[in-house]
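Presented sequentially are two complexes of subunit A, the first with subunit B as partner and the second with subunit C.
Now for the complex of A and B:
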């Protein structure tokens, strides 16, 4: 286990160096992440300018949900961005090299890219939390804070598992584009808002089918409120384990279909 | 509880049926151990049937038709520890597909593979510790990292200790001239440099088995020589080498055994020298004559069974003979008895002509017995 973590860090570190071969990319990606996610917040603010609350959620509470997404996505981008390279890797037959190294292929894929935009996410996300806690009408105990940290990490696990699962479609689709995964990711963006505003179909889809709601709404609700949403939110770590297992299983099945290239 | 439940299929890394197979055939004639074993190895790819053009592609969206392409068709292989085997065949014969199944990259459609007691595609990580692969067409280095970084990552993955690693680097430097390449980013390497770095990366952990898939493709003569002498050295140290190539000098310089496949089927498997003895029995001696000759009938009369050809200028004579029935000395003395010669040379049988015969479909007919049967050794 220790060896695995150490090697994973080594591989990521190597990718940091490789990415810094293209310094401009580093700055562009980090800054654009702040901009993209920041625009989302501005959009929220614009909405709440005209309506004081949505289904009982006030602006700063929604900002907290939003921060959950931004941070958990930041973590997954920073540490497991490699999932998004799977389509190209499979299509070009580049998985061959990974399969001939004595380290689990799945971990090699996940660590094969560092998303520096994740840094931008983290900076913005932490800023949003800092700004929101002052405005949210709530008593902050150490227990709540610990819960928040655990749930953010679990939320990142949900995102990583779902990213992996959807990107594994590459083994079946065989195209060099991660279109399927990307459209699922876009669908997951719905979870940036309190999901009670959606119809039943969408709610079921983002809770049970591809549980994107567990990277934002439910864990945020577990920290902020009471009731069913809170109970579900406390299940986030279990959901994370389930999603990661799904992703790993899809990868294992996919690998047995892998055809390399140029027979 | 019923007592005679069928045993569930083991999913452990080490397939224990491997050791059974291993035991059954572990001892080859010379007492060495079988390291690579494949039985009925088969790989079928599914390919979409599309009519040409956009129209065909669009139609395929609604009418999905596929056909099966058998890349490797029931191949049996048995390679002993320390052997150097050439695996040859025309383009698309299934060479790379076989190597990819033996190395665990592809999962076979049917059949069994065992390499050093492991099923490669089930025990990938453990397999990677014992096996090294070089694909001539594609690099295994980290594209955006200096060669040194790639090697150090591999060192960490394999858990090679520092001093051993240094020894390996020095060795690679002396044979492959690796030193100059270490600080260079992989994507900036020339083809020849890349191949040398790739060899180092694949052999860093001193694998017992090495698969080389066209390791000299596109290289210039000097790099080819370097690569070949390096591989020869590996073989002399007891590494088992399986070499896929179109370059016949690679084969002649490195291998003792040749396996020929065509259209996914094993066509020949045997000793390289034996192949030459059986299929390249003809040898040609060419002479340059002191004086021009009018006819070669007298020489021909002295050499029954040989074909004697005299060029129209009367000064170049070629004698083609079966080297199992006639010796070069007999030919030489027969010629010298009739004429004075200025110069002569002998064309040695090249493996090229064997492979050519196979490609032309001749060998199969002549040597049907060897097809898909026990390896002839």
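Now for the complex of A and C:
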């Protein structure tokens, strides 16, 4: 286990150094992430300018949901961006090399890229949380803070698991583009808002089929202790384990039908 | 580059001009064909933007259930968002991505020695692709409209202007997308630039939220920048929120910016060519 963590860190570290060779890239990626997510907040603000609450959720509470998305996104791009390389790796038959090395192929794939836009996301996300907790009806206690930290990490686990799961479609689709995973990622973005605004079908899909709602809406409800959604939110760590298991299983199944590219 | 510049400088004999026109026409066809070759990927991309539009529609339905805001009621907002969605689908899936790759890998060297104009070539390709993008987006928009209980028909008074305005979306979007693709000559990175460009256009074109909901300075800036013409203007004309002199002015601004962006892009291209480094030989 220690060896695994150490190697993962080393592999990721190599990517960090490689990426930092192009300093401009680093800045472009980080700043564009802040811009993209920042504009999302401007948009939220514009909506709440004209209405005090949506289905019982006030501005700063929705900002908290949004911050959960931004942070999960940040952690998953910083540490497991490699999932998005699967399409190219499989299509070009580059997985062969990974299979020869004495380290789990899944971890090699996940650590094969580092997304510095994740850093921009993290900075902005933490800023949003800091601003939001000052405005929401919220009493501080050590238990509350611990719960919050656990839920943020679990939410990132949900996102990472689902990213892996959807990117594993590459084994079946065999296209060099990760458009399927990307479209599911945009589906996940629906969880930036309280999911009660959607129709029943969407709500079921985002809670039970691809549980992106556990990346933001439910854990945020748990932190704010809001009704029944709160109870579901406390299950976020379990959902995270389930999603990671789904992703790993999809990878295992995909690997068993991987047959390199024609030579 | 020298060749291309020389060709442009003097008026072409009529048969050469015909030959060029034929070349651009077949480029438009090729653009469309290469999109169709990766149709699955394109359709998943379309699905992605559909999810985006869907979340906006649901959100606004909740917001406007309490009554109209800033002059928008729910049926009007539905129409506005769906027109903006179709407008936003144009020149979104091929042009810049392919340009950026060819610039990064040095293949652009081949484009430089071709006896056709680079900008017109990309324009032709994008036009071929846009036909398909628009077709698919209209089908999706009609589906969404059916799902959400229909949308009102376009306002008959401004229908003519709406058509002109909708057609002008293409050169505007092409101009911005083309120029952001050219930026790769300087940055070498495109993923970040593309994300930033999409975010900026989304905000300033009023694609997610009509500009009247935004702070005053953004409204003023957008009215003079090319962005409003990329979604807001046609969408407002469709939903009948823009009439009279304001409508004509907005369409005029679109037309002026279409030409302006084209010339700006020309300038940027010649600066980029001086900057170009191709590795290997």
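The rule is simple: the second predicted complex is superposed on the first by the 261 of 263 C-alpha atoms of A that agree within 3 Å, B and C clash if a C-alpha of one lies under 4 Å from a C-alpha of the other, contacts with A are read in each partner's own complex, and residues count from 1 in each chain.
In the analysis below, contacts are C-beta pairs under 8 Å (C-beta built on N, C-alpha and C of every residue); 3 or more make two chains touch, one makes a residue touch a chain.
What you see is a predicted model, and the numbers here were worked out from it, not measured in a lab.
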Determine, under the contact definition given at the top, whether A:39 touches first (subunit B), second (subunit C), both, or neither.
second
Is A:10 contacted by the first partner subunit B, the second partner subunit C, both or neither? first
- So, does A:228 touch the first partner subunit B, the second partner subunit C, both, or neither? neither
Regarding the shared-chain residue A:197, is it in contact with subunit B (first), subunit C (second), both, or neither? second
**Prompt:** Can A:249 be said to touch subunit B (first), subunit C (second), both, or neither?
**Reply:** neither
| query | Of the two partner chains, subunit B (first) and subunit C (second), which one does A:179 touch, if any: first, second, both, or neither? | reply | second
In this superposition, the partner of subunit A with more touched residues, subunit B or subunit C, is C
Within their complex, subunit A touches subunit B through residues 3, 6-7, 10-11, 14, 17-19, 21, 93-97, 99-105, 255-260, 262-263
Within their complex, subunit A touches subunit C through residues 22, 24-25, 28-29, 31-33, 35-36, 39, 42-43, 46-47, 49-51, 54-55, 117, 173, 175, 177, 179-180, 182-183, 185-187, 189-190, 192-193, 197-199, 202
Counting only contacts in the complex, subunit B reaches subunit A at residues 45, 71, 92, 94, 96-97, 100, 103-107, 121, 124-126, 128-129, 131-133, 135, 137-140, 142-145, 149, 153-154, 156-159, 185, 202, 205
Subunit A partner, complex, touching residues on subunit C are 38, 40-42, 44-45, 47-49, 51-52, 54-55, 58-59, 61-63, 66, 69-70, 187-189, 191-193, 195-196, 198-200, 202-203, 208-209, 213-215
